[in-house]
Each structure stands twice: as structure tokens, then as C-alpha cells.
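Written out below as C-alpha cells is the structure these notes cover.
Chains: A, B, C and D, in written order; residue numbering restarts at 1 for each.
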């Protein structure tokens, strides 16, 4: 059995293999560490952090939909300081990269968090621009080109760490947003975050979620995510971290062929805690079957 | 210790039109399995519905585990299609389970399918040392009450509609039992409104019970934070606990019922 | 058994019941008329028409995805003149409303078709603004506010027929688009059309669809569609015809409670040809169960 | 006449690791069912995968219909889980089927699972009046060839890998049969490359065959236009025909193979 080259380089962030786990689906790794070997995961993007601790939204927070789920956790997290003091060390035991997913109410909050994390032992900062912008009537930062330019530029200045910007899919033209993100100095783009979605309890005549609506994730959105990853990869030169509904090795390979240098597994962890390991193995099997020795030759390798 | 994988369905038993039970093989890798804990079960072999369904253990044998399941929606309906001899994918045991060490006189209160996990509890208590009083409530015809009958010093079976039994809700007999007895611990599992009104009763009397609660779950292990339970924190504050990991057993004086 | 009032008024277009079938999924009704009683359907939106006949895209045109499908039929149709001469009369045999779904390469084409159809025996014109705008680099008409305003205004002038405008979901802010459509005089808004999506054959290393990507429909997109219907209903005063993944009566009722005055069934016809009839019956059962006598009291009747 | 609804699975038979057959009850509402026609079958009771799967009839009995199915992906794999006695949702019969009235000497050419619908064809032809020559090609070990053996005047069984049979593709024996015989009609069903190379052969000889073709389908009845087949129109033009409604049988001289 030949040794396969599975390392991928996300523009300075080097992963042992392209299989990572998505923010908000893996906590800080503690719970899943009891079930699977975290050393086998390329990177862990931790639960979305905010400057101050947050209790998140009131329940009910989740409803299942056809091959998907809508969540409105509302960024419940212990805050960036708690993370630094109590979680980094735990994660550092494992041979996996740590991505700190950050979320702000204002551009200043994003910058402040980026500054704080610059001095800490994390491998990358993932700027989640799907958060509602309190100064802008609650519209997500990531849906307005001007705001995207400003927040990425300022965070870039605030920190020299490897910077991933995570895009919202709820936009008309993701290519334009991606180009702005690249221009303003992001090292890598991750996409997609959840899509705005809703489900209604016809007996109670109210939305299932206390907050009315939430974010749709899971296999249902995979075709949309794949198209966006393909589109973004076609217009930027920085690497893409693809996600959205990936549940098996075939899905992961679709994203890699579409141009993702690495992929993240979110919702699929819930239905199958072994998903990251099975997907990594499935990618390796595919490579052996087709005599590929380096995962990098597959990235964006589509015959169109 | 948690198990992730497939186990064989050894026996499927139809209880009535709405309820059935599964006996599956218990694997060594599962370690201890406590009453009140649950497993997350795949509803189908084809993976649809997508999320696993949390189901409490209703009996733990040496080499077997029993689940008692009520058909509610698409997932539990599909589960009924597993054939004996087939494998079911599951994760568990999950959650904290009941605390029951050292109690000598207990009251168990169950409503509907909520009676299933309490059955696991009473059957794991030694007859010689624990006195059990039971109050079981049903909408229609009672089921899975035999073990409670056999094991309880006192038992009250209620039904909302079957007049061969005492008609009404479990709250009434519970109130009068509490007048006449003092229990080391009370255990409750049943629908949300029942948990809520009993908790009001307990709070008004300054006693506490162990509630086995429910919320929609995704990961089942405490990582995704969708299964929130509002609990007290300090004197006036609250926090969002995880039903799956910090629960599903919560003490009645910890929980904030505000909907 | 009480008689239920099932008639709904889409601002002048009165349907016997709120269950309609979506354009492109029902041809001109001929094939389904062999399987179900078309008199039971509130309206039939016919296969998207163009000024000239079109052969559509080369195959492969369809790929199934988790609880969805992506199609790239490419508006294969016999043209508006053929439709008028050969299809209207057939459909008129049935007690159902006829909605002519029109598609243009240019604003002029849309207007020309609207003019032609004004003189014909159809009950409504549905303006599909998800078509690629050839003058605008192929971006869909429906994604640019200025273009939306222009095309709706001009078509409104070109025809006095009942006018439905069908929105594309691939936009950042569907509320703004909907308000423009209302301002320019549309009688009704239908949504959603398919979402941009893609699937890749990892063995062939090419997209499954010859055209690369296509439109995603089916239950997978239901939560997204429902949220958009809810959002649009909350900002316009004209009625909404909701669709996107409706497969059973519960789904249909979710849309109605979210604000849809009528609903359309698309992809679900393929998996269950009886879907329209079963859904109509399911809505009636729900009304009887809750003692509702008029479907109109359910529209938008959400306790939030 | 088309049937929409559920029918009982009377018999399920495993042919080998990759193939199985279903015998279902034939309903009156189905009317005539012709060889070459197909039904659209639900893959599972839970409705996932969502779209029905088109499967040709491989035998039409008085009160039964047989399907022979190869496991290809998630849908056909899931189908195998139906138990005898359960109901399967289906729509059909669909498509045009073979034309076979009045032909006296025919050649049937099948590749892999494509042999199944041809079995339905030959078994519906009267032995006394029709002379049948058969060429069957397999990747590995041959299966469902018994009826062809019993019914054919000449038969050639090919395999790509099983050297107990003639090794190679069906095109070779077909070419030599065509040298020595003249057929009233030729019927072909099999994988796309086989249809294509045989069509080249037929075109070069100026003869025509009936091809049973395949394309991904959604509605199966001709309404959605996703299942396109490029066919000739006039001398130089083309049109997009519907595989499900205008086919799945097309004459070899009508089809444009351009991929």
C-alpha cells in the first residue's frame, strides 16, 4: 500500500489531511474526543466565540427538515477569554489544527477578538461574517459588500494570524463577496454557513423555533454549497475550505474536485460521529483506486 | 464509555397500536448502562429521517438492553420496520441517568411512554431494601404496568379515558401520597405539562424530585447545544444547560419552566 | 360534514381551491390528465413558454440529490404560438385556471409574449424572472432590483391580464425585490423558483449535468422557501402563491400559515402523482379537525 | 391506462450478489402491459431516495408482473429491503414498449441487466411462429439466460471475464450473425456504449433495430422533460424526445449518439 500524501496547505495553515470539522458542531472537541480519535482530523473549528460569554437563544432551538436541520443556538459560548484559559490546552493535546471561529456584534468587537487571539496558541482565526450587524439593522455583515470590505480589512490589520473568512450563502452574488475578501487580505475562504430557513408547527400555528427562523444545514443544502464552492474557487486564488451537507467520502470528493483544498463536516457528525474518520478513509480509498498519490492533484481537478 | 456502531435487534414486540419494544444486544464497549440514560438510534437503514432518535433504556439485562418506543412521527414509525436479526446503528449510553444510591423509600410517577425509563429504574432496585410507591398515568388503556404492580408497595393507575381505572391526572394521587408519606426520593418522567405541574407542587412543598426531561436533540453528546434546558444559576440568574449531557435528569428545583 | 369554503382570491384570479401545480413540472396537463382528475386542481401553471420553440439543453438534464433534484431542462417548449393553437383548448376542458408561465431573453421578448397572451383565453400570466438576461451577461433578471423594476413595469403596461411575478430565491434580499414587484403593479407574487445547485460525478470528474449546474427543487429547499414566503408576505399586500418542496398537506399548511394564499406543487408530482389531490384532502381534514370553515382564515394566521 | 398506487410484493428472489427479482401482483387497472414497458417504483417506504426508480417488466403473467433488478446505487440497494407481503408504491405501465407484431425471425441482443426486458419479450412470442437468435453479454458469470437457451434457435453467451463462456463483447458474434442471416427485427438492450457501437454497425449495414434506452427520470410520464433523448428531425435537424414517453424504445436509425 503506497503512502498517500494527504497534507494540504491552506495558504500557510498546513493540515495533516483535508478533513476538518465545522464550527458549532464540535464544541471544543471534548465530547467527540470520547468517541473518536481527534488526531485524525485535519483541523477543528471551535464553537463560535464572542467577546463576552453568551447564553444563546431560548429553546426550542432545533427542528429537523428533509435531510437537514434548522438551528438557532444563538452563539451560546463561554466567551473568548474562557476559551483561551480553559480550552486551548485541552485541544493542543491532539495533533490537529485549532481554528478559532469569531463572531461580533460590531466591527470593533471582531477586531478586539482578533487582537486578543493573535497572542494565543491557535492556528487560525475564522471570521464568521454571517452574524447580524447590530449597527446595520441586524442584516448579516456578510451580505453587504461594503461592510464585508471594511470588516475584513480591519480584522486583517488587527491580527497577523492566519485568517479564514467564512461566507454567508444568503447572497445574490457570492463571487463578488469572495473577491473582496481576497483583496482585503484573507488567507483562505470557508463556505458555506447555514442558509436562512423556517419550519412551522401547524398544530400550534407557530414556528417550531422560538426565534421564528434559523440556519439550515445538512445534506439538503449540499448542491447549493457545492455550486458556491465551485463558483468561488473559479474567481479567487486563495484556497477554499468547503462545507455544507458533506456526509460521506463521495460528498467530500465532490467538494475537492469543485475546488476545495479542504472540507469541513458539520451536521453529519450528529448522525454519524465517525464521519470524519470514515470520510478520510474513503478519500484515501478513492485515491488508491485511481492511482492518485497526492490529494493536491485532485483539488479543482474537474474536466469541464 | 460510549458505543458507536451497530447492534443486532434480537426481539421486537408489539405492545399495542402505538407502542412497541426492541431488545438489542448489549455490547461490552457500552460499559455501565444506568436507568435514565438513553441511546441515540438510527430510525432507518437508509438514513432518513437523518437525525438519530433518543430513546431511554427501559430495561438493562446482562447481555441485552430493552427500549420501549411510542410511535410519534416519521422516525419512530420507520423504526418499527426493523426486522429481528437486522442491525441498528446507535450511540450510547448517553446522559446522566437517575441517581438512586442509598434511598430506601421512593415514589415514581410516570405518564404515558414516560413510564418506560422508570421501569428500568425500579427493576434495578433491590426488593429487600427499597420501598416503592408508583403512580402511573395514561391517556387510554394502560400498558407496561406489570412490573410496577409486582414491585410496588402502593400503586395507583390512572387513565384519562379508560373508566376501568381511576379517571384523572397523576397530580391528584401524588398530592395525597405526599400528604401521608415522606420519600427519600421522587422520580418523574412524562409529558412536559405533567412535569411542570408536578414541579409546581414539589416547589410549593419544598421537596425535590428527579425529572427525566425531553428536548429535540442532534448530537446527543453535548457538543451542538441545540437541546437546551433553562436552569437556575445563582439566586436570580439562569443558564442554558444541555439536556443531553447535563441531563436528561434534572432536579426539579434546578429547572426553570417558563413557557 | 360541513361544506368548507376552499375558494381563494389571488387578487382577481379566483381559484376553486388553493392547490395548484408548478410550471415545468406538469407540461400542459396532458400526461397527468391520464392519472388524476385535473378538475380538482386550483390552477395549472404550464411549462415555461418562450416566443420561439426551444429544444432546451442537451442531456444529461437531471440529477437527484438528498431529498431534492437538480434540473437543467433549459426551457424546452413548443413556443407561445403552438401553446395557443394546441394546448389552451385542451386545458379548457377542465374546471381549473390556466396560468401561462413566460420566459424571455430580453425585456422586449417578455412584453411581446404578454401582448400576445392578452388576447388569449388564459387566466393569468406568470412572469418568470429567473431567466438569464442575455443583455446583462446572463445574470438572472430577477436578481437585480433595477432590472426587476423595468421588466415588471413594462410587462404590466403590455398586458391587462392578471399578472403573477415569480421570484428567484438566489438573492440577498427577497423583500426588497418583492416590494418593487408590488409597486410596479403585479397582482400576485409566486415564489420560490429553483435554487442554483450542482452535483459532481467523482468517477467521471465532471458535473452530472451537461450544463454544469442547474436548479434545485424538492423537499430539501422547503425550509428556505417557507422563510422567503413568510418574509415576502410580511412586506407586501398582494397575495402570495407559495411553493418549494411541498410534498404533503402539512407542508402546504405551513406555507398557508406563513402567508401563502395558494400553494403550488412541483417536484412532489413526480414522486406522487396523486399529491395535489391528497394535499387538498389533507388541508380539508385539518380544517374540519380544527373547526375552520374558510381556508382564508388560515392564510398568514400565525401566532408569533 | 396507468396504475398509480400500491401493489403487494409476492415473491423476492436473490439471483446473485448484484441482482434480484420481484414478483408483484398485477392489477386490473394496469390494463395491457407490454414487453419493453416499465414501471416507476418507490425505492423505500420512507420515501428516500425521493424519486421513483424506472424498472422494466421482465415477465408479464396473468396475475403477476416480474421485475429483475440490479443493485446500482442507494435506491436499488434499498429496494432489496422490501419484504414479501409488503406493498410497493408504483406507477405504470409506462413508455412505448417493443413492437413485435408479425415478425418471424428476430435477433435479440442483451448486455447485463439489459437482458431482463428481452426475457419479457421472448417469452411473449409464440414458439411456433417466431425464430429467435440470441446474443447475451455479461461482465462476469452469466445469469437469467435459461429462457433464452430454451427458446432460441441460436444462442451465443459472452462474458468479459468468465472463461467458461466465449470471452469478448457482443458486437463480434452479432456481426457474424448478420453476415449469415437476415432478420425481420433486431432488439437491443444494454449499456450505452453497447447500444452505440451496435447502432454504428446497423447504420453501416443499412438495417435498423429497436433499442431499449435509459436516462435518469423524474416524472416517468412525459411531463417534466428531464429524460431527453436526441433524435433525428428532418434530414439535418434534431429534436429532444422524451425517453420515458416517446421511448424507452427507439429505432436505431432515429437516435443521435453524440457524446
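Throughout what follows, contacts are C-beta pairs under 8 Å (C-beta built on N, C-alpha and C of every residue); 3 or more make two chains touch, one makes a residue touch a chain.
Being a predicted model, the structure only gives us computed values, none of them experimental.
*Asks:* Name, by label, each chain that touches both members of the pair chain B and chain C.
*Replies:* A, D
*Asks:* Could you find the chain whose CA centre sits the greatest distance from that of chain A?
*Replies:* Taking each chain's C-alpha mean as its centre, the farthest from chain A is D.
*Asks:* Chain A to chain B: how many Å between their CA centres?
*Replies:* Whole-Å distance between the two chain centres: 36.
*Asks:* I'd like the Å distance between the centres of chain A and chain D, where a centre is the mean of that chain's Cα atoms.
*Replies:* Distance between chain centres, rounded to whole Å: 46 Å.
*Asks:* How far is the middle of chain A from the middle of chain C, if each middle is the mean of its Cα atoms, in Å?
*Replies:* Chain centroid spacing, chain A to chain C, equals 34 Å.
*Asks:* Any idea how many Å lie between the Cα centroids of chain B and chain D?
*Replies:* Centre separation, chain B to chain D: 53 Å.
*Asks:* For chain C, which residues are shared contacts with two or more other chains?
*Replies:* Those would be 67-68, 218-219.
*Asks:* Find every residue in chain B that makes contact with two or more other chains and list them.
*Replies:* 47-49, in rising order.
*Asks:* Sort out for me which residues of chain A touch chain B in the complex.
*Replies:* Residues 24-27, 31-32, 34-36, 47, 55-56, 58-64, 67-69, 71, 73, 76, 218-219, 267, 269-274 of chain A touch chain B in their complex.
*Asks:* If you look only at chain B, which of its residues touch chain A in the complex?
*Replies:* Touching chain A from chain B are residues 2, 4, 42, 47-52, 89, 91, 215-230, 238-240, 245.
*Asks:* For a test of understanding, state which residues of chain D touch chain B in their complex under the given definition.
*Replies:* Contact set of chain D toward chain B: 44-49, 74, 78, 81, 83.
*Asks:* Please give the residue numbers of chain A that touch chain C in the complex, ascending.
*Replies:* 65-68, 70, 143, 170-173, 195-200, 202, 204-207, 212-213, 216, 218-224, 226-227, 230, 245, 247, 250, 253-254, 257-258, 286, 301-304
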